[in-house]
Every structure is written in structure tokens, then in C-alpha cells.
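What follows is a group of structures, each given as C-alpha cells.
Presented sequentially are two complexes of chain A, the first with chain B as partner and the second with chain C.
This part shows the complex of A and B:
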């Protein structure tokens, strides 16, 4: 059974399209990274999956139900983001108790241990916490709820590096102990890469790629070599990125199709082949056509 | 195969209601403070007359618990608007919820606080009497509750007061929900309400307020009155549910 099934999803805000004809499926017990630039539609997609917003057209099913207004989908999914709000009248300890009453699979022990580890106190209020502390607390709720579909939208906002590391580790350990479908949207792909199985790459509300992380690493390859020879060779190829190094050397990233041919050519023309990190591939694929930030200052 | 949680609407509404009793507990403190203020104001009395001859003189002071009751009605009206605000709705959707369950638990909560408000408002009349008893200027008490025995008076009082307070809750919830629909309503609703109903009535006779008040206030049959309020309250709640059902949350 597919946990999320999305067909031709469109979401419009006024005249602009946040999501444009998006189709994908997410299967059970996978950790998927939702990657894209600011404004690519990540948050909108998650909110539609969580049933908070309604699509303009197209079809989305979560656990075979339309998530909008579905109690069943709501009981089996949770969206952790910085808009999670908790009542001012309740302290953190009481919020955890309330959460336990809503989620049948709530893991009180895990919640308590994480709560203590990140040195929260029962009598603190959610509204008094710092940005990073809020994110950390929301994540505790998200992990302990044990929902079959757990979604994190930029979960590490405001967290310092060591808490981020702890979070990734906690997520992985808990996932191994209790496998479930997890979707994380983030800018920090390089940090999470080892955690993810699949990557769903969005650009301007459209799907660019939906691949496993290992396939993504094979998706492109970097070539470095003499400018004239390389430019000529690149002529008939899909160039994702190009950079001049010094005056006579060029570094280019191309799609890794016919990799055998690329390797033969490289040894023939004396090009150097370099692997490209998946983070860089994502950046190149979602880059603007009109060059980089340097062009603004030209 | 993953094991999925099965939930029923009743279960979720019950959970949310219990959650809201704790989460919204702040409203009760405001009720206590408001009713105390109203009691204090009520000690001024609503009127006085006097007379006498050579042998005797008397003065009549009239007191009423109506102010407490009006404060309570306004309180429940405003609380109902507040619980439709974005922040409160987002709190619902941090946990398991859909729009209907959020509405139903809110309605249960409003009925609950209306009961509390009614009972405390009625009890406050006794508080007023006790305080007056200790004020030096009195000799005797008369009840103006005419030809009615006490238990009948309390029963009727509770039912009628509860009906009015519930109308306040339903109206507040409707206004609150309507206002969230579009920022246009944020301006339109208060202007139309204050302008047409209140100032319209003061300046010329265009106001519909009199008709609305007459519809409830001049009803002499208890059963018809209760029926009228029930229908009004249900219509207001149903419209609120219908409006909110189409609204997006956590934006």
C-alpha cells in the first residue's frame, strides 16, 4: 500500500501556482527528503498532506483517504513545523500528557527521556522557549506520537549544530526501532543525506526528481579539463553547471548518461572525472537559469 | 503491514473537550473578576424612591442582579470570538483533529461555560443580598419576584438566563468565524453591527435591533421562548460549522 498517492496536484494562491501538476507516490516505511529552494512548494505540499490546506485541483490520498477533514488521516499523521501551537495555559509537562491522550501509539517513555535529555523542565511554557528550543520540543512530540506518517517541515530551524546532530541520530534510532514513513523537508541536505533513502526534489511547484539517494549520487558527474577541448566536447551534452577555474581550466557538471562513453572520452581528451555530492546536484538542478549571484554584481 | 490508529469522531471530540477544559482555563478567572466587578456596581442599586408623612418616612432602594447577567452574556460572547482565533484553532490542529471535531468540541465548551456563567450569575444575586444585609441603611427585604414560589423562580431563572447566555455564545462564535473568513469582514461586521443595530436605532428608526429584542424579550410562553432560542442557536452554530469546514488552517 502506498502511504501517499498524489496525482496531478495543483495548488494556487491567487494567480500564482505553489504546486503545479505534481504526481508522486511514497511507499511505506521510507524516509524521504523533500528538497527544494525557498518557495518551491515544500511547505504547501506538506500542509496539503496533513489536511490543513486543500488542493485547487488534482488528487491526493493519504492512507487511501483524502486528508482534508479526514480524522483517520489526522490520527495517523503528524506535521511538525514551527507553527505548532500549544496553549499558554498548559506547561510543557501537561502538553505531553495532552498529546498522549490524542495519539494511541504515544511513546511516553521516549518523550520523557528526550525531554530530560534536552533539559526541558515541566513547568516551562511553550511560548517562553527560544526558537531552537521550540523546534526541539515540537520534534519530541513528533517522534513520540509514533504516527505512521510523520512529517517534519524544516525541523531544525533555530537549532544549534549539536542539537541538529542529536536530532538526526534520535530520528534514525527511533526509525530503526519503529519503522514508519517519514518525510523531512530541509535545506540541510548534506547533513541528512545518510539518513534519507529517497529524495523528492521540487522546483517551482514541480517535481524534478524522485530518486533514491544512491541513484541521485550517480545522476551527475563533474568533468574538469582544458577549456577549449572541454567546451567543444560539452556541446551536445546536458550541462547542469559550469565554472571557470583560472583562465584555461573549466569545471562542468553533466548528466551521467552513457557513463561508459564519458569515461572513454575523458581518458582520450585528458579530462578529470569527479563525483558530485548530492547536495550540489540538487543545487544545480534547482538553480535559476540566469546564472548565479555573481551576475547580479556584474 | 503497518497498524493504523482507528478513531471515532466522538472519541476525538471528547478528547478535545477535555483538553480545552485545561487549555482554556484562563477564561474562568476572567469570569470571576467580571462578575465581582458587576456585583460591586450592582450595590449602587437600580433606583430609589421614598415618601412619608409626619409619622413615618420610608425609602425604597431597588437592586438587581441584571448587570452581573449582562456582563456574563458579554463575557461568553467575547470568549466565543476568541476561541475562533487563528492561534486557538492552530492549537487544535497540533494534535488529532478535523474541522468538525474542532467545532463540536468548541460548542461543547461554550455550552459548558454558559452553564457555569448562568449558575454563578444567579448565585451572585444572593451575594448581592448578603452584602446589602451588612450595609447599615436597611431594615427589610422584599422580593419583587411577584407571585411565584422560590423553586419555580429559580428554575425559570436558570432556563431563561441560560438561553440568553447561550445566544451570546452562539452569536460570538458565528461572528468570530465570519471574521476569519476574510479581512473584509473584520471591518464590515463591527460597522454594520454597531452602526445599523445600535446607532441606527438611536438616530432614526431604521434599526432592526428592536425587532430582534422583541422576538425574544416579549415572548411570554416559556416553551416558545426555549424553542426560539434553540433554533437560533442551532442556526448560528450550523452556519459557523459550514463556514469553517471550508477554511484552511495553520497557514
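This part shows the complex of A and C:
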């Protein structure tokens, strides 16, 4: 079953397009990472899926319904982000009690246990919490809601390294016990890629890739070797990234197509083949055309 | 075991190799049930789909067999298959690297063999 079905989705803010002709599907019970640079359209997409905003054109279905103004979609999905608003009249303990009436699958026991583990107190107010504590409280609500579609937008903002680690572990354990569709946007791909099954990579509101994490790892390969020989060899290849190391050596990242041929050529010309991390692949694929930060200082 | 996440080897391959080592060490015997994808996911903090891919790899190599609804079990030939695989791939690759490094350093074949013998003696504690 497809939980999210998106066809030619466009969202404009004034004249600028935040999402541009975006089409993809997300199947049930997968953890998908939504990856992209700042301003790639991740938050806009999540807000449309959660029904907070309406698309400008195109089609989106969540649980086979238009999410905007849909009570069914709203009861079965949750978007955890740093703009989550809780009633200011309620303290944290009361917020957890009230949340039970909003989400049919709410797990009060899990919420309580996480609440105590992260040392929250009932009489605290959400507005008084530090940035990292706010994020932590929000993910407790997100996990305990057990929504069939659970979305996290940069959930780890402000959290220290040990809380981030706890969050990833809690997410995985709860997912194994209660499989559901989870979408997480994050800048920390290297931290959470092992938790993900799929990756949806956005750039300027468009889809660059949508594949499994293991396929992403094999998508590109690094080649290091003598500058002249390597440059000539790269001529007919799709080069994602290129960097000079000293004067006579070049490191390049290319698409890993016909990998057997690449392997043979590498041993023939004496190039070194190196694996590329998923995080680096995403950075290269979403990079700006006009070189990198080094060019600013030229 | 702590997974190596710097991307040198896909996680599912590392999972498969870890299970192979467990079988070689006798922690799983013939016809014994191995960890499920969910147990592996929990142990290594990885997505269950990735763990499943590692298990599938071992089924394809006839190290494990599947009983519908019951899980994955160690085959009769598992030990032999793993040993052959490690000899043919891992050891051969290491030897290739060793020989090419020796050539670059102008270390002759006799000298290299002597080094190998010496190392073997030392590790046996002679």
C-alpha cells in the first residue's frame, strides 16, 4: 500500500517555487530519510503532507485522501518540528494527558517512560524549555502518538550528541515493535543512515534520487590517480566531484555504472578506487554548479 | 562488534560476514536457528530491511536456509562454504595487496616469504 502518493506537486511562494513538479510514492512501514540542502523544499513538502499547507498545483494523496482539511489524515499523521504549538495554559504533564485524546493510538506508558528518562517534570511549561529540551519533548509526543504516518522535521535540532543517540535508538526500537511509516528530514545523514530504508533526495524543490540506502552507497565511486591519465579517462564519464590533491594527483567521484569496467580500467591505469559515503554522495549531487567554497577565496 | 560505518563496506555485507564468523566460531551449529532480521536490527541499531538483506545474502550462498514462518537456519555445508569463500576472496585479495606492496618496495619474493614464515612462527608463539 502507498501511504503517500505525489504527482506533479508544485508549491509557489510568490514567484519562487519551493516545490517543482515533484512526483514520488512512499510505501507503508518504511523509514524514509528526506535529505537536501537548506531551502531544498523539505519543510514545505512535510507541511503539505501533514495537511498544514495546500499545494499550488499537482496532486497529493495521504492514505488516499487529500491531506489538506482532512480530519482522517490529521488524526493519523503527525509532524514533529520546532514550531509545534502546545496550549500555553497546560504544563507538560497535562499536555501528555491531553495528547491521548487527539491520537487514537497514543501510548501513554511509552510517553511517561520517555518523559521520566529525559528528566522532565510535570509542572514545567513548554515555553520555558531550552531549545534541545523542546526538541526532546516534541519527539516524545511524536513517538508516543504512534501515528501511521509519523514525520520528523529536523528532530534533533539543539539536542546534544547523547540525546540524539538515544532518540535514534528509541525510534528504531519502537519501529521494530510497532512498524509504521516514518519520514525524517535531517542534515545528519551520517548519523542516521543505518536506520533508514529509503532516501528521498531533493534539490531546489525537485527530486534528485529516491532509492534504498544500500543502492545509494553503490551509486558513486571515488577514483584517485595521476592527473593527466585520470583527466583523459574521465572525459566520457559523469563526474560528480573533482579535486586536485597536490599538483599531480586528482580525486574524482563518478557514477558507478558499468562497475566491472571501472574496476578493470582502474587496475590497468593504476587508479585507486575508494568508496564514497552516502553523506558525501548527497552533498555532491546537490552541490551548486559553480564550484565549491574554495572558489570564493580565489 | 561495532559496525564500520565509514562506507568502505555496505552494512548488509558486514552483517553477513559477522554471522559467518559466528558460524565459523561454532556459536551457531548446523540446523540451529540464527538471529531474525529484527534481532539483528536491534543488536546493531540498523534498519530491519538492511538486516534482512544480509540474511538473504547468506541464503543465496547456501550458508542459511529458510523455513517459512520459522526463520533462518544454518545449512549442513555452511562451515565448508564459508571457509572456501574466505580463502578464495579475502585471503586472495590480501595476498594480491601484499605482493603488489612488496613489488613497490623492491622486496624480493624470497625475502617476502621469509617474512611470512617469521610472522607465522611468532603468532604461534615459537
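Definition applied: the second predicted complex is superposed on the first by the 298 of 298 C-alpha atoms of A that agree within 3 Å, B and C clash if a C-alpha of one lies under 4 Å from a C-alpha of the other, contacts with A are read in each partner's own complex, and residues count from 1 in each chain.
Basically, a contact is a pair of C-beta atoms (placed from the backbone, for glycine too) under 8 Å apart; a residue touches a chain by one contact, two chains touch by 3 or more.
The structure displayed is predicted, hence computed values, not measured ones.
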item: Simultaneous placement of chain C and chain B on chain A, clash or fit; value: fit
item: Of chain C and chain B, partner touching more chain A residues; value: B
item: Angle at the Cα centre of chain A, taken between the Cα centres of chain B and chain C once the superposition is applied, in steps of 10 degrees; value: 150
item: Touching partner for A:102 - first (chain B), second (chain C), both, neither; value: first
item: Touching partner for A:71 - first (chain B), second (chain C), both, neither; value: first
item: Touched partner set for A:173, first chain B, second chain C, both or neither; value: second
item: Contacts of A:190 with chain B and chain C, given as first, second, both or neither; value: second
item: First (chain B), second (chain C), both or neither touched by A:214; value: second
item: Distance in angstrom between the closest Cα atoms of chain C and chain B, superposition on A; value: 18
item: Residues of chain B touching chain A in the complex; value: 1-9, 12, 15, 18-19, 22-26, 87, 90-91, 93-101, 245-246, 248-251
item: Contact set on chain A toward chain B in their complex; value: 1, 28-29, 47, 50-54, 63, 69-72, 74-76, 79, 81, 83-90, 94, 98-99, 101-105, 141, 147-148, 180
item: Chain A - residues contacting chain C, complex; value: 30-31, 168-169, 172-173, 176, 190, 193-197, 212-214, 217-218, 275-278
item: Touching residues (chain side chain C, partner chain A) in the complex; value: 3, 5-12, 38, 41-42, 44-50, 53
